[in-house]
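Look at the two complexes coming up: chain A is in both, with chain B in one and chain C in the other.
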Partner chain A sequence: MSYEPPLEKYTVSIREVAWGPAAKLKKIGGENTLPFHYFEGALPNPAGLAMEILDVRPESWSPIVLEPFEDVVSDPVRWARKCIDVYGAEALCLRLVSTDPMGMNKSAGEAAEMAKKVADAAGVPLIVWGTEAEEKDAEVLVEVAKACSGGNLLLGPVVKGNYPDVSKAALEHGHAIVAQASMDANLTKELNIALCKSFPPDRIVVDPTSSALGYGFEYTYSIIERIKQFGLFDKDKMMLMPILADVAADCWRAKEAKESKEQGILWEAITGISFLLAGANLLVVRHPESYRLIREMIMEC
Partner chain B sequence: MILIGEDLNVMSKDLAQAIKNRNPDPVERCIRGQEMNGMDYLDLNVGPVKKDPVETMEWLVNLVQGITECPLCLDTTNPVAMEAGLKLCKKKPILNSASGSTEGKEKMMPLAAKYKCGLVLSVINDAGLPADADERAASIMESVAYANDLGIANEDIWVDPVLMPVGIDQRQIAAYMEFVRMLPDIVPGAKTTCGLSNLSYGVPKNLRGLLNRTFLVMIQRIGQTSAIVSGFDEELIRLVRGDLPDLVNLIHRAMDEDDVDLSGLSPKEVEYVKTTNVLMGRSLFSSSWLEV
Partner chain C sequence: MALKGADILKSLPKTNCKECGFPTCFAFAMKIATGGAKLDQCPHINPESKAELEALLAPPMKLVTIGTGDKAMVIGEEEVLFRHEKSFFRETAIAILLSDDEEPGVIDEKLRKIQGFHFERIGQKLNVNLVAVSHDSQDKGKYTSLVKKAMEFTDMPLLLVSCETEALLEAAALCARRRPLVYPITKENVGAALPKLKELKLPVGVWAKSLEELAGVTAQLQAEGIEEMVLDPGSKNMLEAVRDQTLIRRSALKKGFRPLGYPTMAFPCFMYSDKFKEALAAAACIAKYAGIVVLNQVDERFLLPVLVQRFNIYTDPRRPMTVEEKAYEILNPDENSPILISTNYALDYFIVSGAIEEAGIPAYLAIKNTDGLGVLAAWTSGKFNGEAIAEFIKKFGIENKVKHRKLIIPGVARKLKGELEEELPGWEIILGPQEASEIPKFLAEKWSV
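What follows is the complex of A and B.
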């Protein structure tokens, strides 16, 4: 008698989202099986890894994670180049911290200009992230979409309260988006249904919001896991988008991460790798060393 | 299906204000409306009544009994207010509610025994809400045995399996239904009830009724004997009273068949089928379930 390994057969695939400039196009998603189940199906695209940069000098970063960037943090363009040239970043995430209405409150136009400079200088896939202030983000991301028209950026976070404006601008100017619904698979689905009335589903990455090891990690882990399972097991078309886990800020806020360099790097790397195991397709990380550790792990699989 | 009207509730700002100010008019309108729509019992939900518990409950029970003959379901977490109300009831009331927690056993169950009234007994215990049907069964059997020892008969027990919002944990709905099915075997003679509106908590207001109505038809079919419902949802009342047999049959069919053909159905029928599908757990719930 021959042995048949008890493998699951999935009839659907996670949607493939391709973003970035044509020469460096990055594809994420596309798998027809659970994370790292190479024995069961095809995972054509390794997970994406974006290194985080800010448009202003970071105010509250731990010296541990500031140190590798100390010479460039005052200039986002040089910062971007250092990530790519020195630390080998394949993608970047530019946070437009300066637009925070509770902070410097810079105008959407100024921020868009900076995003354009960074995008041009970097030449790699770029996530452009607002400050999670719904209304201001809508203004800022629409301006960024225009300024970087055709640049195939990944714009976020797009939420229930601002999706019509941002998704319209993204569609007109050839960008993909990150749809964010906080820690609730039902809300993720609801936002996707709303978006997909006017926006192509294969241009959406979802962000169910994540958290750091020791700070609600298990909860966000299980939500990412469930979203992937609703898609692959239940064939729910609105749950087949690739998933983003933005671990950088949460990890480096953790008290334990700030205690020592080694611990901080591991805190971020382990959080990130764990979310890949849960089903994340794209990570945003901060420290070059945790970036390297996670990439090695991805490449070895 | 025994319907308990939920509308006299301090969650309503107007009614909370009316009770606080001892203003009878809003209370009377609420009571008369529900009575006219055929509620079998009227729930008086006064919350924890921290201030003047005895006087508040006495005022309300006397007022309501002056308006209607309908029996009452007294709903407060305050045992002092509860006892004040039970003393005054002319018809056999229901005590809403006790759980299997220490508090429920020590404070509420003895009142139900003393006043020989009905008792809503939930599956919650000191460990919280049971995770599945089996855990619900274990919890309720323990609580019912305790109530029986106090002299409360199964026939006076209204088991509340506790209905959780569909938007919080859809899997709880299947657990709820499985438990309702096993109940006649584990607590023979007892009734079932639940706070139906909790199902649609967090869902946009205009869609809540549809979820509640569909689910009530579904659980009526599998043996649910009572529910605490809105006394102003006329379609809900007609559905479970047998006035809309075609819609009821359609919901039953959608429970049995995964893919009811939607072509040829009216928009309203399509809504009921889609809602049944989502409550059967066939697709992930979102507030846009009618749009897919």
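What follows is the complex of A and C.
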């Protein structure tokens, strides 16, 4: 029986985004094929994995996922170091929860100071994330961009309502950004087009907004697949940005994840690995075990 | 790979006699190509061309049935590579592995769990589907008795696994009436196994170390009249599984390559000894096309996430998922508990009910049927406006459940507030937060009777 495996070649590549301090520069994207299709294309950069930290002590975390960080949660700098030194994190995602206008409502200046401290102490690629309150995020992220000038952070979420200010500051101070548009490939594209009028396309990661297993998982899964395919199959230049799937908070909010440690870890790890299979290039996860498992699964082969 | 009307026309008599009910042979051919007519409608087509065409028109991936009765598992006939192109149709069967090398106590415990498994999640039953009985001891007698035990203890379909062909076929004969899947048939044993396989007419699991070899074995079996097969490309880890499963599905659907046009199977249980990695590989194989995934564990903390992932992957993206219209009681609410209202778009329901649980405040979640439309779309189309909601509140007697008269509506539906104030006199209509994630805080701070 003669059999020719039906390999497929695409003529474009996902853009490569490089972020982080020079010594630990992390590249994501750059592939000219579907996720994990090493048999028919080139995937120069394995998916990036960032471990989540907060700038305040988490209020509502399940004890299961608080336990590994119990000794450091009151100090973002020590928290960052523990992720790196003990849990082997190659990248971090710092959430500036303290700036939430509905919560502590700390000033942009204070938050930026903390981001700078963490960035300096961590020395690894760092995502700095707002609270998804569009106006406040614009203030906060602009201050962070300035305070960490030249630090090559990944700043987000940048949305339709605040992109001009944040992207301008990011460009001036040498940072990349995460462009977020909720669950709609067309909105992702629109935002990219708007951004690219004044911002380099290879400094943008897109976030179609994530969800957890059992709570909207299938929507995120398919939107990631579709964005990737608009880029690779249809050669749409505005859809060739690497994709972020930030699964940490959604997964640990699920009641099933809080029922047992094993189930919680798998809730997050299965969500994460599924989104990588769909086409995500960068994941944010919370538990050190799901972090390790995902990394080992994707690195071994 | 769909057949075109023009290709079909070549095999028709081209006399345009109209007996098929179509004005021309060409019109008939076009209708066949889109599935709107049957070849039988043309009495003049010659039998040879008809057989040829039927083979070409058959679905590119065969349907395989394992087991009998209610619990029979049907896999195959998938139509797409990506769920957003249409849908994935037949859920991956999850098989639990029993080995005749395991201690009897372990086997009993596994069997008890397998038979007792029953997860229910938001009205959906989530189950494991097959019992894989594996021959790892040197003792044929031991294997036979394990097969018997599995038959007695469960009514689930069986997957027989033995590299001793003789023992495999004997076990197959033993439980033939349960229609087990017989595995592995390979390049090496296919000759010896064929007579018995033809006699038993059971579905066959084919293993080979390459896709080319796999195609050779299935072609040989097919030539002997074996129709139902499940393919195991022998993937040794997650990445190999993604590769092999993708190439098989593509060969079948894009190239119309019949020798690989069958559902597939994967063995995460042999890929990883770590239970977590086994579960992750299972999820990867479910997302990437496996028709059967074999696992070595019965621990529900590991199975539940896999089963939920399977359910999500196989949800039909063309139909918005909906939940039943009713007043859901979350955390045992009483007459002083808040009432929140939302649409029956499943995602809205999951997120809002999850947020209420997170808040830890008992509440009624009134879910109005909006045919799966979200809040704003449903409001625009009149399915979630003041009038419709007022009617729903009355119909379900929601006012009898509580002493207060306060209704919390989704924060995005600002205009709804005024409408409801008009339609539900005596009720206080409270605009909830814009984001469901703010519900816990909202309830904690704002709710009082």
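By our rule, the second predicted complex is superposed on the first by the 296 of 301 C-alpha atoms of A that agree within 3 Å, B and C clash if a C-alpha of one lies under 4 Å from a C-alpha of the other, contacts with A are read in each partner's own complex, and residues count from 1 in each chain.
In the analysis below, a contact is a pair of C-beta atoms (placed from the backbone, for glycine too) under 8 Å apart; a residue touches a chain by one contact, two chains touch by 3 or more.
For clarity, every value in this text was computed on a predicted model and none was experimentally measured.
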{"item": "Contacts of A:42 with chain B and chain C, given as first, second, both or neither", "value": "neither"}
{"item": "Touched partner set for A:86, first chain B, second chain C, both or neither", "value": "neither"}
{"item": "Touching partner for A:102 - first (chain B), second (chain C), both, neither", "value": "second"}
{"item": "Contacts of A:236 with chain B and chain C, given as first, second, both or neither", "value": "first"}
{"item": "Which of chain B and chain C A:25 touches, first, second, both or neither", "value": "neither"}
{"item": "Of chain A, residues touching chain B in the complex", "value": "184-187, 189-190, 193-194, 230, 234, 236, 238-239"}
{"item": "For the chain B and chain A complex, residues of the former touching the latter", "value": "167, 170, 283-288, 291-292"}
{"item": "Footprint of chain A on chain C - complex, ascending", "value": "82-84, 121, 211-212, 215-216, 219, 237-240, 242-243, 246-247, 250-251, 254-255, 257, 259-260, 276-277, 279-281, 283-284, 287-288, 299, 301-302, 304-306, 308-309, 311-313, 315, 317, 347, 350-351, 354, 357-358, 437-438, 440-441"}
{"item": "Interfacial residue positions of chain A with respect to chain C in the complex", "value": "1-3, 5-6, 8, 36-39, 60, 102, 213-219, 221-222, 225-226, 229, 253-256, 259-260, 262-263, 265-267, 269-271, 273-274, 277-278, 289, 293-294, 296-297, 300-301"}
